[in-house]
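Read from first to last, the chains carry the letters A, B, C, D and E; within each, the first residue is number 1.
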Amino acid sequence: MKTIGYFPGCSLHGSGRELDMSVKALARIAGVELKEVEDWNCCGASAAHNLNHNLAVALPYRDLALAEAQGLTEILAPCAACFARLKGTHVRVTRSPELAAQMREITGLEYRGTLRFVNVIEFIGRLIEGPLKGKLAPRLAGLKVAAYYGCLMSRGEDVIEDEDHENPDGMTAALEAAGAKVVDWNFATECCGGGFSMSNTDAVLDLSHELLADAEQAGAQAIVTGCPMCHSNLDMRQLTINQRGLGSHDMPVLYLSEVVGLAAGLEPKDMGLDRHFIDAMRVLDIASAAQTAQAAAAETAKK
Amino acid sequence: MARVGVFLCHCGENIGRTVDCAAVTAAAAKMPGVVHAVDYKYMCSDPGQQMIKQAIVEKKLTGVVVGACSPRMHEPTFRRAAAEAGLNPFLLEMSNLREHCSWVHEDRAKATEKAVDLVRVMVEKVKHNRKLHSIRVPIEPTAMVVGGGIAGIQAALDIANGGKKVILVEKSPSIGGHMARLSETFPTLDCSQCILTPRMVEVASHPNITLMAYSEVESVEGFVGNFDVTVRKKARYVDWSKCTGCGDCWAKCPVKKIPSEFDAGLGKRTAIYRPFPQAVPNKPVIDQEHCIMLTKGKCGACAKACQRGAINYKDQDELVKIKVGAVVLATGFDLWDHSAYGEYGGGRWADVIDGFQFERLASASGPTDGEIRRPSDGRIPQTVVFIQCCGSRDDKMGKAYCSKICCMYTAKHAMLYKHKVHEGRAVIFYMDIRAGGKGYEEFVRRAIEADGAEYVRGRVSRIYRRADGKLIVKGADTLAGRPMTVEADLVVLADAIVPRTGSERLAQMFGVGYDTDGFYSEAHPKLRPVETSAAGVFLAGACQAPKDIPDAVSQASAAASKVLGLFSKPELEREPIIARVNENTCVHCRACIAACPYGAIEDFEIKDRKGNVVKRVARVNEGLCQGCGTCVAICRSNSIDLDGFTDEQVFSEIVTLE
Amino acid sequence: MLKQQFARRFLSICAAGLRTRRADWDRTGLMAETETKKVEATPAVFEPKIVAFVCNWCTYAGADLAGTSRLQYAPNVRIVKLPCTGRIDPLFILKAFEGGADAVLVSGCHPGDCHYTSGNYHARRRWAIFRRLLEFTGIDMRRVFFSWVSAAEGAKFADLINRITADVRAAGPFERTNPARRRLWK
Amino acid sequence: MKVIEANKLPGLAAALAGAGYRVVAPIRDGGEVRMVVWSPGAAIDTRAIPVNSAKDFLFPKAEIIGRCTLDGNDFRPEDVKPVAPKTVILAARPCDASAMLLLDAVFNWDYKDEFFNARRAATTIVSLVCTTADEQCFCTSVGGAPDATAGADGVLRQADGGRSFILEPLTEKGKAVAAAAGAALAEGQAKADAPVEVPVHFDAKAVTEWLGENFESPLWREVSLACLSCGACAYACPTCHCFDLQDEATRAESVRLRNWDTCGLALFTAHAGGHNPRPDQAARWRQRVMHKFSYLVERLGRLGCTGCGRCARLCPAGMAICETCREIDEARKAAVK
Amino acid sequence: MEMIDALRADAAKVLADGRAKVVIGYQARGDHRAPLFVTTADRAASLVYDDACKQNLAVYLRKPEVKLLGKAAVVASPAAMRSLVLLMSESQLTGDDALVLAVGVGEYHGVLELAQVAPLLKEKYAALAPSPELLREIEKLAAKTPEERAAFWAKQFAKCTRCYACRAACPGCYCTRCIVEKNVPQWISTAAAGHGNYAWNVIRAFHLAGRCTGCGACEAACPQGIPLMLLNVLLGQEVEKEFETKAGYDPEAKPVIGSWNPEDEEDFIK
């Protein structure tokens, strides 16, 4: 994996900047070149499929055709929604010659179905098995985290192929490599309310609140996710949830790439860790406090 | 020289309307070897049969062709008639002029032409028919019943009461099966053990029944009437002939924390144990895996405690060969492992239990003495959620079929729970309620109306375990059309019924077919529901399909009656359509031996007078061969032929069609 | 596999339906003129000779059911009954072709339904290989048909025979190009 | 002197075909040369030794000699006439030509074979003087020679170093062929090339003598070990003439077939009851040698082998009758000493 | 040491040691190669081995007269070794019936017990494949129309004299009464022409489906030059593709025709 196609999508240029920054930072130290798909357009995730089904396929179809024509074979789409749209479209057009023909006609481009798709979990999994092997330190030892997959990182039989859809564990290895302890909690695949972000904010607040509450009950000190939508819902809305009196949350929400970046010794700021609504910089402090406490306890025990 | 008689039936107008019977008769009369050809309105009638009989005698016929309906209809009739006239019945063949010709064609000329061909083909075939004689096989009038659950017990008792010997083989230390673990039974709510244990005792004391508990079938040879079954008597480490079942040994056993299989893991047992107090035989065995003496070589507490000196740590498995004439398979079922359902906790949570665990909780003899207490903390649950169809009717994750008994036992569970915890809530998620059976629908209604079980039509999508121990059950109430959340203390999953592990290996040993789920296949789904494709092997109970107790018992009695029917004669008569090996030309490549679906072809050594092996060949076991002819087509040197469908017969048919 | 089977059976039923409807339509007279002309042009319709090797328990019984259901089908097939498809020797097919059959049909129980548990599986494997050999040595695969027909599929049997007869009629007589044909004697 | 240029041999064939002859000649097809019926465009090759012998055209591998029809119980025999087209076999090797004399004798010994004789009468054999031979050739050991003309109606001699051929008619049939060739043969002069030399490998008379006394010799087992029991040798042999009669029938007719058969196959002498007087390959190989070198000599005064070497060339197991004869010869010499 | 010297030395040794009573190998007779049956160590020097050795000597292990000589050590190429394994899987050979002088590709593997043959084949010769020319030939023929193929084979089979040299040369054809010789009823016309030749050649190939080890001895044996390997290899490929097995690698193998798998190909069955 020397070079891989890169599809940032809208969120990585907006609310998901940290994901973009952390993935790029990781790729840099791993020596992987991210080749951005030239002239990419919207993946069709947010609004397109509500408007027009053809549009929702045609938009990502164009991206696929462009990427293929640019000689790419693998596409990393860190945004979970982009990944789902791109891969989902690939599956649909390769299965249905009729749909493929229709899309060819609409876009005037030809996609031959040669691309492979990588989401952020798989990408990081490959990095820690490959170029980053042995280069991660358990800097977050003592930190308890809830691994949160949401819908886009766990569902869709043809999109998420190598995961247990009900009890995914694709992040576990990376988190443990970073030293974090992954807690057993209930809401790893529950809905954050992403689909209602704009239309029914109350529902989002309810759902996100339940999720945060379960993570707290399970003893998590941070939530780790791979999806910018989940991230923004959980991170951004905690204050509103608290204001509404639903709870009093103060839970850092990190991207998996950020956690692994910390373990790899990257500067937090280079990954945008300082940009979160809920202070995320503290995870290192929590970890080091826990490490100190444990060392002290071990000392006492020795005596 | 062949002297063939051809008899054409008009079948009223059924054949005659489309086929010109007179023309066919005329054509038949001219066929080589035909010395007699007549047609008649109803050949199967008494006068018709009389015509055949008379001609056989008067014209000295060596073969008969009856052109009439399908041989599936009247071949036995006409063959009987031929036999009565002194002609070997296998020298008679039928041409199917009705189902295969007059009923399916309109054009009279073409139908008549085809009818002539159909008759000609059989005339040519019958000229090559040989006299065949029914095969007689002696029957060993002892039955083996595999599995000591209620079905096996019932089958064994029925056969034994019919006056025949029975060997009952049970792999666990006691008979009783799942029924012994149940608290009450639907729809009458009578105590399961109360109705079962007298039967178990009867088995133990019946003079015609030999009980082989803690034993398993190891291998099978032979065929209907003459099976040689090797049974592995597992090492018990207790000499049952000395043991009185006093219990001193298990009282002294230091290993006390082994999850009890009988109590579905909710209770504990010792390393030397009997599964439950009413066990039959009421004698302990030592669990080799957990016994300290057997694993580490020290302890010996039970040996010290035993005043009869019955403990024998050197005991070993023993193989016993038993000859039986018939076999009843009653191996029963297991529950499907619901850990595949990640959304229900994937088996991680103690308070998400299966039906058997609930039975043990509700049973007066269970680990909680009949109080419903949840496994995690022993508290009495105030809300219990029952989820039906867990793994059943779920092609994707579980099994495609309906497990049939879950609707009923879930209603029973809800009822039992409500009877014990009056103020508690029993919520049942169901897909459909299938309560077909005598008194079953009424039973479910009673659970709803009299006992207040809350039935919710919908699936549960997810169960969470909250930090306070509550199980949050999220589901849908599809009748109300809204999502639904229940905070439960205990969740009972009605897991799918699956065949016992290892049942496929047993089926292979006995040559019994099984379906993709592993349930044993009956010989015919409608008309032969207790027989299998292996002659002399019968089915009883849930090994064939999910069944409740009355169904299992009925089938067991049916299987027993089949066994008794088989044993009613000293010999077995079989159609002589079997394969034969030409040992002169056989080169013993063993392809037929590998191919035979019945294992009916054996290696055989031809010896000279001094006993030296001259040649090895394949030989067909007449008792096992069912006459499919697969070996015949596989044999490269064509050293096998199939009586009734010999190469000569088939070739003459094909050549005649030119 | 079950699903495939189901789909296949379903399709065959549909196909039968279509054919019947077209035939009905023909009877309305819309195509009568062309029909008459055709008959005049080729007075002798080629009647293919088809030899069918079927098992006793499924296909033979299925043909019986077609009979009891009074389903009409082409009278071009002559059935040779065997106990099981497992009994059908490859040479039976050669013999039929040697004797001038225009096509051969082999038919038995669906997988899993064999009366003898696995004779049809043996047969299936045998045909998978043998048909390649026939094909490679010059027997047109439009002359060899394999089908699973159960005892319950009377309609499938009737439809199968009609389809085969029509296909072989379209392919024409095999006499000239049949490499297995007995010609020496003439 | 009738002369033809080597490259005009097809012209000769064409002329003869034009005159109503079925022309059989050594034709090259791919890697091998076979005696087959010439057709326009076929390449005649006189240098390679043909795989099959000229026997095929007088005594075919399968032939219908009887036929009857069946209609119901009505059984009617039909007269079958031999198929005997006017044939010329061009460039048959001398070993093939001389084999005709043995076949003549066999098929007219105790019974005059109508089918063989009809074809023999219709066939003209133009042999070729061998200018090529290989290590399997041993005609000189069995009384033949590369330039022998026994059995031939005419002879083709390669001349002028292979540039042309001289056709020399020997019998009336041969003259008829020369006449039918017409302009394809020119009157001219050419110098015949010397025939090839074939060394003598054994003394055939001595072999015959030895055979008369050694039916039970242990040598048979030894020399036949490699023999695998097939008909490759007999079916390639220009003199082997054993046949089998088979009736085959359909519903409407039956035919009587005369097929080649061979003593090399176990079935040849297998009795219906299971007994086989020649139980093993040693007995069968012995029969082959005995028949050719003893029985036929005794019965017809002729060896049943013309030394063509085809059997050895084609044997899949490297068996060679010449080798066996040599070993016999050596065994005899050793015994004499 | 040269391969042939090692082979000769081994042959002499097994005879001298009495491990074998006869060594079945090849001898040179001019350009021809013929079998040689060596019964005394001093004659081992006459053994040869080269590319001209086309015959599959495994065939002799079933010959009664050869059996009478006592236990044999047979010179075998990888293809012939596959034949030995095939014979073991079909109960025609057992453990100590013979020894093998195993001649590999470019190397000599010494004296092997029969039980060692399959492991050697699996390790070194698992990928034995028909020649690319042959495969191309098959492809070319398969691409033709049925009529063209029929014409091709009609021409080839017309040459067949029914001498059965193909059968005699093949170790897999060990029936003592071949189907072609069965006459009640008659399976295959006896006449060496037309339908009889078609049926014989087709059935011969079919009886070797899943059993042919690709040695090519049958084609080499055919006096008429009929390309029998086209048929054998076609079926071998088919069996490998559909049933994922190759003949002659597993002495415990079940017969391909004579076993089955629920997942076997059936798209041709409508």
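Going forward, contacts are C-beta pairs under 8 Å (C-beta built on N, C-alpha and C of every residue); 3 or more make two chains touch, one makes a residue touch a chain.
Just so it is clear, the model here is predicted, and its values are computed rather than measured.
Counting steps between touching chains, the shortest path from chain A to chain C takes 2. If chain B is removed from consideration, the chains that remain connect by touching into the groups A | C, D, E.
Among the other chains, the CA centroid farthest from that of chain D is the one of A.
Comparing the chain pairs A-B and D-E, the larger number of C-beta pairs in contact belongs to D-E.
The most distant chain from chain C is A, comparing centres defined as mean Cα coordinates.
Our note on geometry: chain A versus chain E, Cα centroid distance of 61 Å, whole angstroms. Distance between chain B and chain D, defined via averaged C-alpha coordinates, is recorded as 70 Å. Here the CA centre of chain A is 88 Å from the CA centre of chain D.
Centre-to-centre spacing of chain C and chain D amounts to 49 Å, using the average Cα coordinate of each chain.
Among all residues of chain C, those that touch two or more other chains are 90, 99, 112, 118, 122, 126, 182, 184. Of all residues in chain A, none touches 2 or more other chains. Shown for chain D are the residues that touch two or more other chains, namely 62, 250.
Residues of chain C touching chain E in their complex: 1, 8, 12, 90-91, 94, 98, 111-112, 118, 121-122, 124-141, 145-148, 160, 177-184. Of all residues in chain B, only 30-33, 124, 584, 655-656, 658 touch chain D in the complex they form.
On the side of chain E, the complex with chain D involves touching residues 27, 29-35, 37, 55, 59-60, 63-66, 161-165, 167-169, 181, 183, 186, 189-193, 196, 217, 220-221, 223-225. Put simply, chain D touches chain B in their complex at residues 70, 72-73, 249-252, 274. Against chain A, the residues of chain B that register as touching in their complex are 341-343, 346, 348, 462, 464-467, 472.
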